[in-house]
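Multiple structures follow.
Next come two complexes built around chain A: one with chain B, the other with chain C.
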Partner chain A sequence: MATTSRSSLKRYFDVNGWLFVAPAVALISLFMIYPIIRSLILSFYSGRGMMLKFSGSGNLVRLWNDPVFWKALENTVIFFIVQVPIMITMALILAAMLNNPKLRYSGLFRTMIFLPCVSSLVAYSILFKSMFSLDGVVNNTLLAMGIIGEPIGWLTDPFWAKVLIIIAITWRWTGYNMIFYLAALQNIDRSIYEAAKIDGVPSWGRFAFLTIPMLKPVILFTTITSTIGTLQLFDEVYNFTEGKGGPADSTLTLSLYIYNLTFRFMPSFGYAATVSYVIVLMVAVLSFLQFYAARERA
Partner chain B sequence: MDYSRVLKRSVSAALTGAALLCSTAAFAGEVTVWCWDPNFNVAIMKEAAARYTAKHPDTTFNIVDFAKADVEQKLQTGLASGMTDTLPDIVLIEDYGAQKYLQSFPGAFAALTDKIDYSGFAKYKVDLMTLEGQVYGVPFDSGVTGLYYRKDYLEQAGYKASDMENLTWDRFIEIGKDVKAKTGHEMMALDTNDGGLIRIMMQSGGKWYFNDDGSLNITGNAALKAALETQARIVNEGVAKQTSGWNDGINALTSGDVASVLMGVWITGTVKSQADQAGKWALTAIPKLNIEGATAASNLGGSSWYVLEASAEKDEAIDFLNEVYAKDLDFYQKILTERGAVGSLLAARTGEAYQKPDDFFSGQTVWQNFADWLVQVPAVNYGVFTNELDTAVTANFPALLKGTPVDDVLKAIESQAAGQIQ
Partner chain C sequence: MRITLRRHLPDIVQYSVLSLAAFLSVFPFIWMVIGATNTTSQIIRGKVTFGTALFDNIASFFAQVDVPLVFWNSVKIALVGTALTLLISSLAGYGFEMFRSKLRERVYTVILLTLMVPFAALMIPLFMLMGQAGLLNTHIAIMLPMIASAFIIFYFRQASKAFPTELRDAAKVDGLKEWQIFFYIYVPVMRSTYAAAFVIVFMLNWNNYLWPLIVLQSNDTKTITLVVSSLASAYSPEYGTVMIGTILATLPTLLVFFAMQRQFVQGMLGSVK
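== the complex of A and B ==
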């Protein structure tokens, strides 16, 4: 016991070790730690453009009284609450289906489902915009099939615009999460399933009581990364709405609001920094909660 | 210490410095320009550059074509970060944003008060680039508005050109419903997520989001109220084809989907871009709001050129703008007929190009119309928060469609805006 602690102390004071990590530490300090501290300081300043003045908690007061911020927060939370569970469930089900050794062309299907997340963001946004426009292919198909009576304003109605964003990000990221599940499924010993089968466990039971518990660490991982991704949602909304988050601010997310505060409106760098710390805080709290929830049950 | 090396270095540094000075004096640099719209600003800047290089062969131009939002964002990022060497020498700024840049980045733009004769330009353009007695920028195009309509569609619906004169918005909506019923075409394309039409109507009523002192003017703003109500009627009565985004709207116009378009004069180039629609279009004044003091003239957009203070080619850039944009009357005639650019240099307004009939519009003297309307555009204070207010208006507009009383909507706009403009 004593020897180990002494040797670890010795390692602690060993200059060579520090020298090895020094370049990385220097780069991280310069490009991560410094901006983080600088933006924290910035969040206490307010003013137009470069005319910044120290304002103490001024930005927090502004944040509290800002209906647009609350709207953006609400939208972000809705996207996160609705979209992440849908996507995770779909990814799980798809992964379980594609993991079936009897399935033919499974490589093709896997590629097809994975492809969206490596497609060009702008290209897919433009394609989605034209597909979901008032007289686009989606509305025309739904009309022809008699599912809807009049075209849906996917891009002009506040409710449907939200739905469209959820459809778009689900389309794009489900395959990405599915790959994690597939990889994890490949590591599960088939004999467990065979044993369960012999014991007469039906296939849904094997999925619910074997697959899901064994995938728990991966589910936790994908949930956290998806949560963080959705809280930072920006690209889709920006491309679909020309950066406005419309109609009626219904697709405005916190990231887009930060962007608008910095680049489209009168530049308020301090206030934008304050809003970005809200995202930091939310990511931290939600990640902690998810870890906590997963740990308790394990 | 190796003195000979130090000496060599200082000599070479001095020589380089001297060479740089000489080059500046002889104007042999490359002037970089950022602007948007290849059919309009970019093409016009290329024409201006060609004219200048013809007289000053040592000067070269690098005209960079970005989307408008990209120009604004790149400019704002460059100014905020202080990395001025990433910025161009000349940049195009839309009038709504001019004061925002001047006030939030003091010292970023070159003051041109003594270098350009501003008395020759329309006063409202010069006012919006003036800050604390100094004038920045060279006024460029005006966004005077007009109503372009498809004669063929209106004739099918039983309307003559005389029916399109002296329109009110009530009459416009009535005609629009008729056109839709008889031809199946909507009267216009409308993106309710863009505040453009509201701004046009509001300014035609002589008001803006702000009073002259910059304070908010929302709940008591009769022109804004009428504009909101009118736009809600246009949507609810099915007169407009709802579009999303700029390209979608332009597509509706060029594909012949809609029967009219109400825009700034700079849209002329886009209207005329469909050669097969020649003879099918006509131009008239915009409809009037049903309030006191309303005019049939307004403004949408419009922009001006600004020189960056940190630019290495600053003097050259100023000289160029002064020589072409502030003096060359022939240049203005050319960009008017070729691109539909109504400049704000007053002397250029009397040229023969203005009287020239346009074949695309069946021989109508459209430019004369715009020149006439230009002087009737009510001057308003654009302030520094037009983008913020636009967002507040478009965010609250859907509530109006659903039947919320207009006064409540105005209150909601005001409270949202109050939080944004600090």
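== the complex of A and C ==
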């Protein structure tokens, strides 16, 4: 008697458990898992629009010989390698400063620095585009301060266009990452710092040898999310360059290239799917490496 | 003198760095408000003082854009999408935490892995799927792929660890069914978790750009973000007008953030623990 009721009870709860997760699992299967698999299959097909034919490794050959793809890959990698370390470092320094209990107005500073990540990606792209015009407010200010001798072509020079994208993403996301560090810092027991202070460890030493190691899981988390974010870069470039990724493809990213291949040029779904799998692979490899590196040093 | 300087130098550096960071963070917002009062040529020349063109800009924006319709499209997508996301994803987060089984843990791992897949890899099959379902150019097509969010499921599962099991046990003794426990006890207790998730998901939905850009083709379905972007991508954009649009596109997320700032920071804190 007792055993039957317990086993029926167990089954009752198990059914319940599946009912709770079922809607989400169904939606994710349909709108995440299925497209991922479909995309992989598509990458073996080529043709225009819906007229698709199996082409085996045809798309890979096209990819290998496509200078625009290599340019987009190069740009994406540059954005990632330059931007993520700058942002993570700045976010860490700002969070460490805001965590100082003697600091006044810390709530105000925190809110102001966090504010950019509330703005819409499209709205801030437009604002930046207007601020960085040739005789715009940024060039005017830099000229007046004597930092530059002549206006910078932020939107017309291939090098400075890349710099502008990096400045823009850093503006948008530094505060977001800072909040994670701040949250983690506030969970650290202050007495550890007091003890180190008594032992004569200087403040930079406490930061390097106490704060950083304790924040490692959060640093890993923010690095991976930032990596995924940078590799997906689309809204900013699209709005800075009217969808062209210019000047001279200098700001073309992989996501923008996929969009152009699918919806702007002659639609080639198969080839676009192949390019999208390059991003999937890069995210997977980079996340694995970052995970591995973090575990090694632990 | 030297001693005071040495003692105060770290403070001076700290306040300077933070003030500079705060100023740079807020400046584009100030620029947006100032820009809305200036003409396009004044904006391009970098005028940083208030002008007199505000009402011309507003009139010109309202003349070019069906503001109530476009704004309503955005609000509808953001609110309905957010409500459905919170419901479906919190049910799943609760389910994964409260009823563990080996198979369910495997399913959960797969869900977490999908976090790594960039949207670019999904958008072509999703576009074809919506085409086959006859949903292109509808708001349902915008919301559907966003509803079950791996990130929000993860967030709710983490937060559920703090939900006291005694409450659930007591409710079970009182004869409540599992769905009653969820809606009558879990949801009210986890209010601040829901509030923080609301802020995050509302922003994601409101600011969503690439997917609506693909799906929404006709003018009467477009969101404010799409409309402002297309105004700004003209060969020589009328920045004065565009600034009114950027304000309208930014205001709702700013309001939501300021209204729920406290719960939001708490929620972020909870997600790191």
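Following the convention adopted for this analysis, the second predicted complex is superposed on the first by the 273 of 298 C-alpha atoms of A that agree within 3 Å, B and C clash if a C-alpha of one lies under 4 Å from a C-alpha of the other, contacts with A are read in each partner's own complex, and residues count from 1 in each chain.
Basically, contacts are C-beta pairs under 8 Å (C-beta built on N, C-alpha and C of every residue); 3 or more make two chains touch, one makes a residue touch a chain.
Only a predicted model underlies this, so the values are computations on that prediction, with no experimental measurement involved.
Legend: residue contacts after superposition of the two complexes on their common chain; A:65 is shown touching chain B, with no touch to chain C. In the superposition on chain A, contact of A:269 is made with both chain B and chain C. Between chain B and chain C, the partner in contact with more residues of chain A is C. In the superposed model, A:56 lies in contact with neither chain B nor chain C. Shared-chain residue A:202: touches no atom of chain B or chain C. With both structures placed on the common chain, the touch criterion links A:103 to chain C but leaves chain B unconnected.
Legend: residue contacts after superposition of the two complexes on their common chain; A:129 is shown touching both chain B and chain C. When both complexes are overlaid on chain A, the residue A:85 reaches neither chain B nor chain C. Residue contacts after overlaying the shared chain place A:242 against chain B and chain C alike.
Looking at the shared chain after the overlay, A:213 reaches neither chain B nor chain C. 129, 133, 242-243, 262-263, 269 are the residues of chain A that lie in the contact sets of both chain B and chain C, per the superposition on chain A.
Here chain A touches chain B in the complex through residues 46, 48-51, 62, 65-68, 71, 129, 133-134, 153, 155-156, 158, 241-244, 246-249, 260, 262-269, going by the rule given at the top. The part of chain A that touches chain C in the complex is made up of residues 13-14, 16-21, 23-28, 30-36, 38-39, 42, 90, 93-94, 97-98, 100, 103, 108-109, 111-116, 118-124, 126-131, 133, 135-141, 171, 174-175, 179-180, 183-184, 186-187, 203, 218, 228, 231-232, 234-235, 238-239, 242-243, 254-255, 258-259, 262-263, 269, 272-273, 276-277, 279-280, 283-284, 287.
Residues of chain C that touch chain A in their complex: 10, 14, 17-19, 21-22, 24-26, 28-29, 31-32, 35, 43-48, 88-89, 91-92, 94-96, 98-101, 104, 107, 110-111, 114-129, 144-145, 147-148, 150, 153, 178, 182, 203, 206-207, 209-210, 214, 225, 228-229, 232-233, 239, 242-243, 245-246, 249-250, 253-254, 257, 261, 265, 268-269, 271-273. Here chain B touches chain A in the complex through residues 69, 72-73, 76-77, 79-80, 100, 103-106, 192-194, 241-246, 248, 384-385, 387-388, 391, 394-399, 415-416, 419-422, going by the rule given at the top.
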